[in-house]
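Have a look at the structure below, then the notes.
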Amino acid sequence: MEVRTPMIVVNMKAYEEVNGEGGLKIAKTCEEVAKELTEEKELSIVVCPPQVSLAWIAAQVEIPCFAQHVDAVEPGSHTGAVTLESIKAAGAVGTLVNHSERRLRIADIDFIVQRARKLQLFTVVCTNNVAVSRAVAALKPYAVAVEPPELIGTGRSVSKVDPAVVEDTVKAVKKVCEDCVVLCGAGITDGDDVRAAIELGADGVLLASGVVKAKDVRAKVLDLTSGL
Amino acid sequence: MEVRTPMIVVNMKAYEEVNGEGGLKIAKTCEEVAKELTEEKELSIVVCPPQVSLAWIAAQVEIPCFAQHVDAVEPGSHTGAVTLESIKAAGAVGTLVNHSERRLRIADIDFIVQRARKLQLFTVVCTNNVAVSRAVAALKPYAVAVEPPELIGTGRSVSKVDPAVVEDTVKAVKKVCEDCVVLCGAGITDGDDVRAAIELGADGVLLASGVVKAKDVRAKVLDLTSGL
Amino acid sequence: MEVRTPMIVVNMKAYEEVNGEGGLKIAKTCEEVAKELTEEKELSIVVCPPQVSLAWIAAQVEIPCFAQHVDAVEPGSHTGAVTLESIKAAGAVGTLVNHSERRLRIADIDFIVQRARKLQLFTVVCTNNVAVSRAVAALKPYAVAVEPPELIGTGRSVSKVDPAVVEDTVKAVKKVCEDCVVLCGAGITDGDDVRAAIELGADGVLLASGVVKAKDVRAKVLDLTSGL
Amino acid sequence: MEVRTPMIVVNMKAYEEVNGEGGLKIAKTCEEVAKELTEEKELSIVVCPPQVSLAWIAAQVEIPCFAQHVDAVEPGSHTGAVTLESIKAAGAVGTLVNHSERRLRIADIDFIVQRARKLQLFTVVCTNNVAVSRAVAALKPYAVAVEPPELIGTGRSVSKVDPAVVEDTVKAVKKVCEDCVVLCGAGITDGDDVRAAIELGADGVLLASGVVKAKDVRAKVLDLTSGL
């Protein structure tokens, strides 16, 4: 499964709305929009289903599915752990790493990024500021996604409220790791927020409630992609 | 989905063998054996698939599926978390709790046990000794599964090597919580181990590598159930 | 060092006010009040200094000092860990365990309680509700301290706002472990709150900001002890 | 308190030997040797006492004392936490960060390094390989200490067994953060190991059992410093 920039990554988190059929429906809607749009422009819409729905949803859609989190362990005797190998077998093509709601130890981020590279899985490592973005870039993940924690879930978009953090992250990351994709997140809710992010040099956005809680998911995803 | 005692709970852990089709095949084999046997005797074979395969496997078998672990949070903004609500929507009917490879804080075990009860999900809380079993029983979970950590994965069965821990756990748990099911685990590999467990008063067993690593899973499960 | 009931346990937490000389001064004041009062009545005032001040303060006062937290490990290669052996050598006579700001895994609470007993150290295990108090009592610690987390630091005292949780905890704990001391905490600020706790059957209270943030620590401690 | 390179950092960990008087004696011996040597050469011997002895030992020696670990929190309502402010008030001048036995989340390492800088405390951030060292250097701590976990406590010194990891870490760190001090650790036991480290470009070493378990601590420390 190809993953192209610019991209929109929809993190379904553990919201009530995405359990069971709810998450599948969002994934299907994203797939539908992605198919329509990719006839005219390059882009990806990536979905991160609830962890327990990953294989079930990945089997039913043809857009890239990412895990929301993996544990820094090899396959083995680790009850409850989600390995990179298990998400690959489940049909996922990548994973979020170090989300602000699931922060990891730096040695574990390193483990996951290196191992994912060998398994040809994409890693989107979340960070909270420019300094941490620069540090993470040194590990050479597929992407760094900067998300100031104080803006997550607020509807006040990082690309408008704190453009400097996006611009500075793009500069800092590209300096250390030229090929790294840079995403931004926190408070992204519409096409204008996405457009602002792209203009600041980001390769896309990471968002959650903006899509999950939308009354009309299709309209929302269309609006967001209009900003790419 | 009914869950009956005596029972065998197969924890697939994060073994390489259970990723993708591998886990499904084990679940299907357990289902097949369970169907054959339940014509003549009361019993349950419960499977705990890899976390990311839970919905996908639960949709394809008609035996009880449990999660291997859930997080002590309500549905919401918790990236990477597995909620009780999400496993229920995925088709699971219960969950392991506090496995020795995924120990939980006591307030979180309490949260999970109480919330699972409201959602009509079964909880099998793992413990490491008699004292902790007695403590956990006070929270009134569906089942307590005692597993001395030093025997896990050894092939030296708790029911033969350390019968006192099984017997004493049964007594301690039933005194505090008469209706609690008591399982034992660690080193269980064949029907004799299961029989020994039942004779000590346990209502069943919890095992992992014994089944997952078996050359002939069907023969192994049949052997194990012969001890019930 | 003797520890007697009724008791007041002053948890200094990691407040700015208790660093360096600040914590020592509070401990000295508690010592002074304790000496004056114990001429006429049985009681203990226990202090829990900042972790890094434990040996330094314990060397300078003659009232019982407790650690705020210990790690569930034996002495050895554990950088940054606080062992029971280290707090004993530091002059402490006990420790808080499982405070709501430092929740522990149940197997670790069991480890700490059993090992502390062998080392003749007192354990005060904090809990968040009646069910967890009952569970913890089964491990037979020196004391259970129930503290509804939603009241901690509010100034609204558990003994007045939620008397049932105190009364029910006393009953539940004493049923499982007759000799267990029961403390209550959360929102305790004056002698009336202490008196209410004692009347509900508690053997004392656990408090923090009520003392640490007091303008006149001596007056505050005197007021609190008036409720014993 | 001045901290100069080259340096030897003695991490006392949570060994039985360093509880109470034992740790003080080691610190006093290091102080004695440091005083003798600094008349003729520039160097520092830094000690990291058991956490609960920090204030007590720092009050009795005139060499730099570091904490073994701090928590990434501001002063406040954090029972059991060790804040940077508390170690400073205790007389420490720095802290180890992210030791392999106490790995931290990257956002927390960033928090600690930035806050320590404001408080004028030294940070020695431990890492497990070259990639993580490069990442950590981007946060601009006082020092990076690379310690391949598989060599810790083995007596097989990183500077002899795996010289490339030391050399490559020096290069990688200095490229990102010219002023960063680079230490190495794991298996360091004598002056030869130290000499080898210095020749590879390191500014000093971090060790634990080599000193703590030595029969003659004075002779051991003298031997180690001979390699500087």
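A, B, C and D label the chains in the order they appear, each numbered from 1.
The rule is short, and it goes like this: a residue touches a chain if its C-beta (ideal position, glycine included) is under 8 Å from a C-beta of that chain, and two chains touch if they have at least 3 such contacts.
Values in this document were obtained by computation on a predicted structure and should not be read as measured data.
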Seminar exercise, completed: Across the interface between the identical copies subunit B and subunit C, with over half of residue numbers shared counting as same and under half as different, the residues used are same
For this session: Between subunit B and subunit D, tell me the centre distance in angstrom, where each centre is the average of that chain's C-alpha atoms.
Result: 45
Exercise. Distance-wise, how many Å sit between the C-alpha centres of subunit A and subunit D, to the nearest whole number?
Worked result: 37
For this session: Could you list which residues of subunit C touch at least two other chains?
Result: 100
Problem set entry | Each pair of chains that touches, named by its two labels | A-B, A-D, B-C, C-D
Seminar exercise, completed: In the complex, subunit D touches subunit C at residues 11, 13-16, 18-22, 48, 50-57, 59, 67-69, 71, 73, 75-83, 85-90, 92, 96, 99-102, 152-153, 208-209
Exercise. Considering the complex alone, what residue numbers of subunit B touch subunit C?
Worked result: 98, 100, 103-110, 114, 127-129, 131-132, 134-140, 176
